[in-house]
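Below you'll find the structure, written out as structure tokens, and then a few comments.
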């Protein structure tokens, strides 16, 4: 079932002035419920603008956005409700922390939703656990945490609202490799546990290759494609033509296939490539 | 939107006005301001208006930009106009309804005030639009340098001003971002009672301050790494040097203003 | 002298936090335990390590932002502890930081690049020449009259590099210069760094946690908990896949693949860091394994 749908979604910045620029151009997309979807594209491809339409921070110049089948702009007074159901985590979210304790900061969103104190407490503890924030950290000032922990506290603030759709803009920016891997695993666990939809905006092809089921590719304000991750990486050559990097493995395996080796078309992670190569090598050895 | 703020913005160009020594530009602008305030006849405005128009044409700053700088003060203009219309009066009643009385004198006064404010804003906008903030602060530093004698920290003041100008766009962008982020968490910024509205600012102001301090610390380290050690022994890429052109420009401005003042006195 | 940077047994710990009672808290564990490292003039060295490994702390010692508790740091023969050398050291070894927004001082690109030479008291004519040259070296000359806020992250970072080049340094230390940039910006900055190293012979010390960037250096130094744990050419460092992963660092995907095949008993050298090398190695392996032979 589709959770988010757009019809002819178009957004033009500074319409009617010489600086006019169409950032999103007639995008029709239908994003499934309960999925982990990667969002890729250049800076300026329109992906951030598109994301800000999903929770009503921007109003389309043209076209419509539907959340669970309902036009989000049909009743403006219910916009807050839309924002609770579509959570948006901006880049470097740790710069939005403001409360005295981590606990109170995470509680800001749920409180705005008007939840009971018991429910808020329950959600905070559950979310903190998913993100590896300890009870002790919840009591501390958010400004006393390390960089990675601050990031998690900020993300927890949106996750605790239990949105139907969670959009994360580059949640791993600036983290080191170990921090990235941990963060991505935690986000995937959150997605599985809550059965919600997570949109992961990322510049790292390796990360989206490993952690997403679906990929949404934006290019020059238009939707280039939306499909299963494996299917999208089969089109490695086209992605390269758009100026997007593809994982090293995807391009090496593509080159090997071109040389005539019998390899499946969707090898884009090290594990898959290793297994395919090993079976090919063993088959070759067995035939001799 | 916050992005529409144009105060202190600079529009690079290569016109006569752009190239004029910023110290002279500041003095000319001050002259204009004083003249506009001192003069109270129509002629002051006409001469001032012609002067501003001339500068605008020479500077090749599009009228659209000037309009943009006026837009934020429209409410003030409107307020001034209404105030003058209602409370300044003479005997020549134009229109009357219960206790409200519009008179010819009121109308003249409100038009006069509006034009005066517009000329003030446009005149000073032309200064900032045609002068890079660095040159502007350099000029202020230079004009204020006699104050060094009384241990006034002129260089530090100028440095602070130019850093503040540098970070205005950065902080505006940051404020926009923080506002969006808190809105996404259900913060309501534009409704509720006064106290609620003030409280609603906390989630925006706290992160903004924290970030400003962090930026300040990093900037200080970066400046030290680039061998910054105060104003002592510092040279400048652009030396402020006044040439014949600047004196001519100043003379022309001076004549204009002197003319305006003379006409003002004569017309009494 | 051919040594640009000579660090001998550096030990450093950050001062303890001041508690609520106004007294300093418990002393921090040392961030640098015992770092000895020499970097030759004209070389391109990458310093890898995860967040908190001490790599940035090391970088700050080169520029005398921090002074060692024990041991000595020499930059072009000058001891950073000698205060009279402070500005000479900072001019010799310029520093570029992570956040491009927080190191640009002026509102116009060329005025920002002029900032350091102005501080050094260089003649205006010479400043003009240096600014133009520096902006050309980083490919930002056409943008000299732009405001920094009109530039992309990669462009801002190049302006920051130009601001350092205008001091005519022998060495540039870059502390995670690409961490906040998108792939295009990262590429721009990396290309600029490489060019400065090759064409102008400027010594580069690149602090990073991106292995793709470290792979472009001549030498990779891995720092972990305040100590140098690996120091070799990129292929030699990355081919130690297990050790790198244990240190919380990545290796290029192709290195990992070659290593995996090697572990499975196939004759592939794991000392592979580029796609081309990997493709060639795999083709050789596959053709050997096929029945054609």
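Should a chain be cited, it is by its letter among A, B and C, assigned in written order, with residues numbered from 1 in that chain.
Simple rule for what comes next: a residue touches a chain if its C-beta (ideal position, glycine included) is under 8 Å from a C-beta of that chain, and two chains touch if they have at least 3 such contacts.
Because the structure is predicted, anything quoted here is derived from the model rather than measured.
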Lowest number of touching-chain links that must be crossed from subunit A to subunit C: 1
Chain pair showing more contacts of the two, A-B and B-C: B-C
Centre distance in Å when subunit A and subunit C are each reduced to the mean of their C-alpha atoms: 30
Approximate Å spacing (C-alpha centroids) for the pair subunit B, subunit C: 43
Residues of subunit C touching subunit A in the complex: 50-52, 98, 152, 179-180, 182-185, 209, 211, 248-250, 252-254, 256-257, 260-261, 264, 266, 275, 278-279, 282-283, 285-286, 289-291
Residue ranges of subunit B in contact with subunit C within the complex: 10, 12, 132-134, 162-163, 165-166, 169-170, 173, 214-215, 218-219, 221-229, 233-239
Subunit B - residues contacting subunit A, complex: 174, 177-178, 180-188, 202-203, 206-207, 210-211
Touching residues (chain side subunit A, partner subunit C) in the complex: 42-43, 146-148, 173-179, 203, 206, 245, 247-249, 251-252, 255-256, 259, 261, 270, 273-274, 277-278, 280-281, 284-285, 287-288
Partner subunit B, residues of subunit A touching it in the complex: 52, 55, 57, 80, 83-84, 87-90, 93, 95-98, 108-109, 112-113, 143, 157-158, 161
